[in-house]
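Take a look at the following structure, please.
For clarity, chains are labelled A, B and C in written order, and residue numbers in each chain start from 1.
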Amino acid sequence: MKIKTFVFLLVALLVVTSFVIVSFGKKNVTGYVIGGSEGRIEIKGSDTLLQLVSNLAEAYSNNNPSAKISVTGGGSGTGIAALINGEVDVADASRKIKDEEIKQAQERGSNPWEFIIARDMLSVIVHGDNGVDELTIEQLSRIYKGEITNWKDVGGDDKEITLYGRQSTSGTYVFFMEHVVKDDYSSKMRNMEGNQAILDAVKQDKTGIGYVGIGYLVDENGNKVSGINVVKVSDGGNYISPLDKGKISEYPLSRPLFQYLTKRPNKGFAIYDFLIFELSSEGQNIVEKAGFVEITSVDREHNEEMFRKL
Amino acid sequence: MAETKEEKKQRIYFLIFKFSTLFSVLILAFVLLYVFLNGFGVISFKFLTSMWSHQNITEGGIFPAILGTLLLGIGVSIVSIPVGIATAIYLNEYSKNNFFTRMIKLSIRNLAGVPSIVYGLFGLAFFVSFLKFGTSLLAASLTLGCMTLPWVITASEESLKAVPNSFKEASLALGATKWQTIEKVVIPNSLSGMLTGSILGVSRAMGETAPIIMVGATFFISYMPTSIFDKFMALPYHLFILATQHSSPFAREYALGTALVLIVLIFGLNFGMFIIRYRIRKKKDW
Amino acid sequence: MIKENFKEKSIELSLRAISLSALLILIGIFFFLFVTGIKAFSEISFSDFFLGTDWNPISYNEPKWGILSLMVGTLMVTFGALMIAIPLGIMAAVYLSEIASPRIRELVKPTIEMIAGIPSVVLGLIGLLFLSPLIANIFGLSSGLNALTSSLIVGIMVLPTIISVSEDVLTSLPKEFREASLALGATKWQTIKMTLIPAALSGIVASVMLGLGRAVGETMAVLMVAGNSRAFPVSFFEPVRPMTSNIAIEIKEVVQGSLHYQALFAIGLVLFMMTFVVNFISDIIINKQTKKYRW
């Protein structure tokens, strides 16, 4: 009798629990909740932004313990797809959302609101022993297309170039492809999992070249990480280094980092407060500390316009 | 008597074979040692019990990931153990060798061979999208539960088979019905084996990464999961991100520390089950 | 009496119904994979998919959906892994079953099974941090993230399967085989070589097939060390992009229902069919083996 009743009770418990959960729990499923009520915010997307936004989320929740923020990576494409699928409240993206993606989102009931929360000086890196420290956009394009395959063709040693890049889920991948390569990447490019993976690979590979968000190149004190050299990039004019704080506006590969909100962020909702926090001086301080660049006045105007629409 | 050529050949071959076995064992030892030696430095009470701190990872801990993995283990157990044991009982005690039974057995063997990523796809299409559970602890438990089911069934079947037929025959001879025999004779004598074997299967699920990325795991949450519809942190995914995507100079060490915790958890479970089974086996006198 | 019967019958029926779950899950997996994946072929032709060597869904120009490079990647890693695991595994299995003392076998067998318990991320981590720089150093490569490193790691993961199953098969051979052979004057090794291994051969082949299935399906460890470039691999020193890693990498990005999503499910379907066929064959082989030696 003992075993039988035990098993019976267990099964009954399971059935009842599942019933209860399925009928009541549904309310908590993300995507059905607008703009994070109960202080819950789901953020997903850009790997470039992952640490920055996690830092921001952490700082915010320290001051607002009732906030429940979840941040995960996967790439800008992942975040935007999740946004379209209605799974998250915010998509981090290091590239601009495409028109078809906006359309897809609208077809499924959400309307992405675009905010710029930081700036990235997308950097090109090579191994610390590599003498090549200046490249034009044109040269970078031909290198990544696979047309230039040897370092000697750009002033370096006679060694074959090893290309490192991101996965196609990455906004950085798309940004670099559209603004630098302007064609398909060479199929020999190694698709790495994230910024850090590229950094580590180039550190170990004397013939490597890669592109990473600037936040990954500096530590908390603003010093460049060892083992790699940052290439100065020219778009026809001077060669500018992304680390040169004085020449931020001239750097050819400066790009805005976006957050797309799935629906109108209503005041009083946690998601609105979090956004305000990110754009505040405290938030932008965290941006700088993470190695990125705070938003420019042009970016601020863009955000203001969005806020005016609310 | 001097060694014949045949005997010499044998000696050499056997030596090679011995070395391959030794080598295989050494692989395990190496892996464990590497993780232990490199990850140990990071382990501390704080590391194990605090929340994850993103800005300075040396300040925080992996407690949410540990919790997430444990919750997942519980979820997978709930999903797969009752169903698995029931199936094993049916197959071992009731089924005849007909088409239906052969189909079930074939399915079980095939399920065991399906790649974990395919389970992830299935979980994504069925639990996350079709049933609209979203990426959550629930979807992850169900998905990994399906994956663990064949293991639970196999382990339970072995346990059931070990119950001597004489026990069952004696019970039936005394007038008990089939179910009464199962309930009072077979199950009590095999339950510990079934449970320990099943938990071994669950421990394997706790080490999986690919499926959970697709159905529920997340890298950073500022809160502890309170409902089965929440996302959760998990040790294998956390470890993966630390190894490939985190920029702190300490990330590597922390990845190894996380790996150490994960291995201790899984092997600890394995070892524990092994001991329990040994103890119980000793008590039995058949 | 009737009540008893009713209870008995209903219990049997419920257990029967529950045991259907295994079959239902298998069918469910196939169903969802098929239904989602087949839609991809409304826009991608079969020849483009199976014979195209370029998989480039996020392309500047036209997206390409050829999985040939991916399949070759999978096959290379699987082949390499088996090249390592088969000789090591069979030799260890023979040692454990025929040569080692029972005490050593009791100790070593569970130890080797523990290798199977190591999560694949952990092995991937070790591959990333330790093995791939080592390989790069040994072979003078610029990077150790390639098919060779992947094969080594996957080989380690497959080894316990081959050892375990082969050892089981060898041990289950009737002892009369050994006794008769030795009685005829053969040495132990001759016995093993000429009698036992041929007798156990189909079981050993089955173990290899199981290992093959595992190697084909391995995802995380490979993802971390394979290099993941799209180019068609021409040597083991080049990076590869097996089907499993490709799905794992890209599935997070896709919009559900989009062509990319469907195409990834199509790849999943291919994987499923591959492992299904491998399992099926090894089932038949194991059946033959047990039938041959039922005594």
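To be clear about the criterion, a contact is a pair of C-beta atoms (placed from the backbone, for glycine too) under 8 Å apart; a residue touches a chain by one contact, two chains touch by 3 or more.
This one's a predicted model, so the numbers in the text were calculated from it and none came from an experiment.
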- Query: For the protein chains shown, what form does their contact graph take: line, ring, star, complete or other?
  - Reply: complete
- From subunit C, the most remote chain by mean C-alpha position: A
- Query: Between subunit B and subunit C, what is the gap in Å from one C-alpha centre to the other?
  - Reply: 17
- Measure off the straight-line distance from the CA centroid of subunit A to the CA centroid of subunit B, and report it in whole Å. 34
- Item | Centroid spacing, where centroids are CA-atom means, of subunit A and subunit C in whole angstrom | 35
- Would you give the residues of subunit B that are in contact with at least 2 other chains, written as numbers and ranges? 213, 244
- Shared-interface residues of subunit C (touching two or more other chains) are 223-224, 252, 256
- Message: Give me the residue numbers in subunit A that touch at least two other chains, ranges are fine.
- Response: 74, 192-193
- Task: Within their complex, state which residues of subunit B touch subunit A.
- Result: 53-55, 78, 82, 132-136, 138, 183-184, 187-188, 191, 213, 217-223, 227-231, 241, 244-247, 249, 251
- Message: Which stretch or stretches of subunit B touch subunit C in the complex?
- Response: 6-7, 9-10, 13-14, 16-18, 20-21, 23-25, 27-28, 31, 34-35, 83, 86-87, 89-91, 94-95, 103-104, 106-111, 113-122, 124-126, 129-130, 146, 149-150, 153, 177-179, 203-204, 207-210, 213-214, 236, 239-240, 243-244, 252, 255-256, 259, 262-263, 266-267, 270, 274
- Item | subunit C - residues contacting subunit A, complex | 54, 56-61, 133, 136, 142-143, 145, 223-224, 227-232, 239, 241, 249-250, 252-256, 258
- Within the complex, subunit B is touched by subunit C residues 4, 7-8, 11-12, 14-16, 18-23, 25-26, 28-29, 32-33, 36, 87-89, 91-92, 94-96, 99-100, 108, 110-112, 114-115, 117-126, 128-130, 156, 159-160, 163, 187-190, 210, 213-214, 216-220, 223-224, 244, 247-248, 251-252, 256, 264-265, 268, 271-272, 275-276, 278-280, 283
- Note on the structure: In their shared complex, subunit B is touched by residues of subunit A numbered 3-4, 7, 10-11, 14, 21, 25-26, 28-31, 42, 44, 47, 50-51, 54-55, 57-59, 61, 67-74, 87, 192-197, 199, 215-216, 219, 225, 286, 289
